[in-house]
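Quick heads-up: structures coming right below.
There are two complexes below, and they share chain A, which is joined by chain B in the first and by chain C in the second.
And now, the complex of A and B:
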């Protein structure tokens, strides 16, 4: 019985612990071992990084607005947390979309520093 | 030809074309799943897969002998007997689909339908994160089933000393005359 209680507590704590964008900023800063730079994030986001697309190709240069898929033309909800409270609240989704989109834009994974910079910039947008 | 064997046409051309087209469309969809740049190819592969499933559903009712669902409908009894016979080392021989394979086929058809429908919904921005998760879980489940299917084909080919992969390419099986129809 005690085991079940412990498992249930762990489960509910884990599922109830919705993360915030700040948590991800801190996580990636810690991984990078350096503070994030919103300016660097803005540059990284809006310019091509070796690939055919930049982040802004789909998310626009002002990600408080809705974006448009560069291939399919489908609408994409805003990426900046100020405009879309759902963004950067779920670790599985954050990891999944950084993995996919970094590969599409950079043909490689993003570094923790790059992720921290981008989130810092997105958080600075109002 | 060896006088102790006889050749029998097991898989008709539409069934074989369906099988290998399904392989190609599922592989294409799976390999393009992680890329937004290849999203249009992924969607085309998905529609192709859905169209193939519709064809197979119809062919299961109007197609030839061993392609018909009624021919290989797996009852729990048949599946248990077949799996037991594998464990005993005296596998029951079926000319068409064996009952374990039949379960995998119906599961693949069903999961393919869910993967297609949920993929369409995700593309049309319907159903939110849940639909996205469903699409990925079902597609991964299909890939797991494909792996089991391939393992089953290899084990079955070895146990029955017949080349099942060749049969799905040429349509012919060479049966020993001792084999009874299953």
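And now, the complex of A and C:
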């Protein structure tokens, strides 16, 4: 019985990885229990949310373009999937960067709704 | 005789390459996790105690959350500790006895940069003492040799 559980967990975890940006949008919409709003995502992304930086401080307000780290000046590849096919394709990375960057910009974790809104907006950028 | 002359010639030829040799040993996790936000600072530039202290507090990493899962954190910490070089950096602890966390606070760094004025550090082309490559153009290859320095206007 225990083995079956472990195998089931492994399969479930494997199926949750190697995803597309739309998969993440759906995942966070489902967690939030509400549809995402690209307009709300745009506002959230480009305005300060309590911290010293907004998302756009590093990713720019036009994330189809490359950004620069606000402190170190290190180049950051574009965040919008239309400009960078690697974005939002790996669950571990998506979770890691939301954890770190939400803490830096909001001093808390982001809600599923906030994540869904941001991804919806990023997906709308061409 | 011939062999020793050969060795001597080789030793002399390799001297310029050894001077300022801070090449960062290859490590995929270090490259991905650390160098995504800042340049890959050479592990040789801090003492092992400093790297241990830094890697033990990544959620408060110079004002940013750089937290990692435990497996990656220990792997990168091990890499840094193995390649650390406290002997070269001079003092390794601050006045309170805590390990130094910034390369720029080490004796060696301060001594080597004593001729650089505050105004120079603040130039838009330099921004901060952590921006090695602004002046050490070949820093990415581990070359911090003073002959390779070009201070931008």
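Keep in mind that, in the parts below, the second predicted complex is superposed on the first by the 110 of 126 C-alpha atoms of A that agree within 3 Å, B and C clash if a C-alpha of one lies under 4 Å from a C-alpha of the other, contacts with A are read in each partner's own complex, and residues count from 1 in each chain.
Keep this in mind: a residue touches a chain if its C-beta (ideal position, glycine included) is under 8 Å from a C-beta of that chain, and two chains touch if they have at least 3 such contacts.
This one's a predicted model, so the numbers in the text were calculated from it and none came from an experiment.
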> Which term applies to chain B and chain C once both are placed on chain A by superposition, clash or fit?
Replying inline: clash
> Is A:110 contacted by the first partner chain B, the second partner chain C, both or neither?
Replying inline: neither
> Where does A:99 make contact in the superposed view: on chain B (first), on chain C (second), on both, or on neither?
Replying inline: both
>> Going by the contact rule set out at the top, does A:75 touch chain B (first), chain C (second), both, or neither?
In response: first
>> For A:118, using the defined touch cut-off, is the partner it touches chain B, chain C, both, or neither? Pick first, second, both or neither.
In response: neither
>> A:36 in the overlay: touching chain B, chain C, both, or neither? Say first, second, both or neither.
In response: neither
>> In the superposed model, only one of 73-81, 91-99 or 127-135 in chain B has C-alpha atoms clashing with chain C. Which one?
In response: 127-135
>> On chain A, which stretch or stretches are contacted by chain B in one complex as well as by chain C in the other?
In response: 69, 71-72, 74, 99-101, 103-104
>> Which stretch or stretches of chain B touch chain A in the complex?
In response: 34-37, 39-40, 43, 123, 125, 129
> Which residues of chain C touch chain A in their complex?
Replying inline: 35-39, 59, 62-69, 127-128, 130-131
>> Give the list of chain A residues in touch with chain C in this complex.
In response: 69, 71-74, 92, 96, 99-101, 103-104
> Which chain A residues qualify as touching chain B in the complex?
Replying inline: 52-53, 58, 69-72, 74-75, 93, 99-101, 103-104
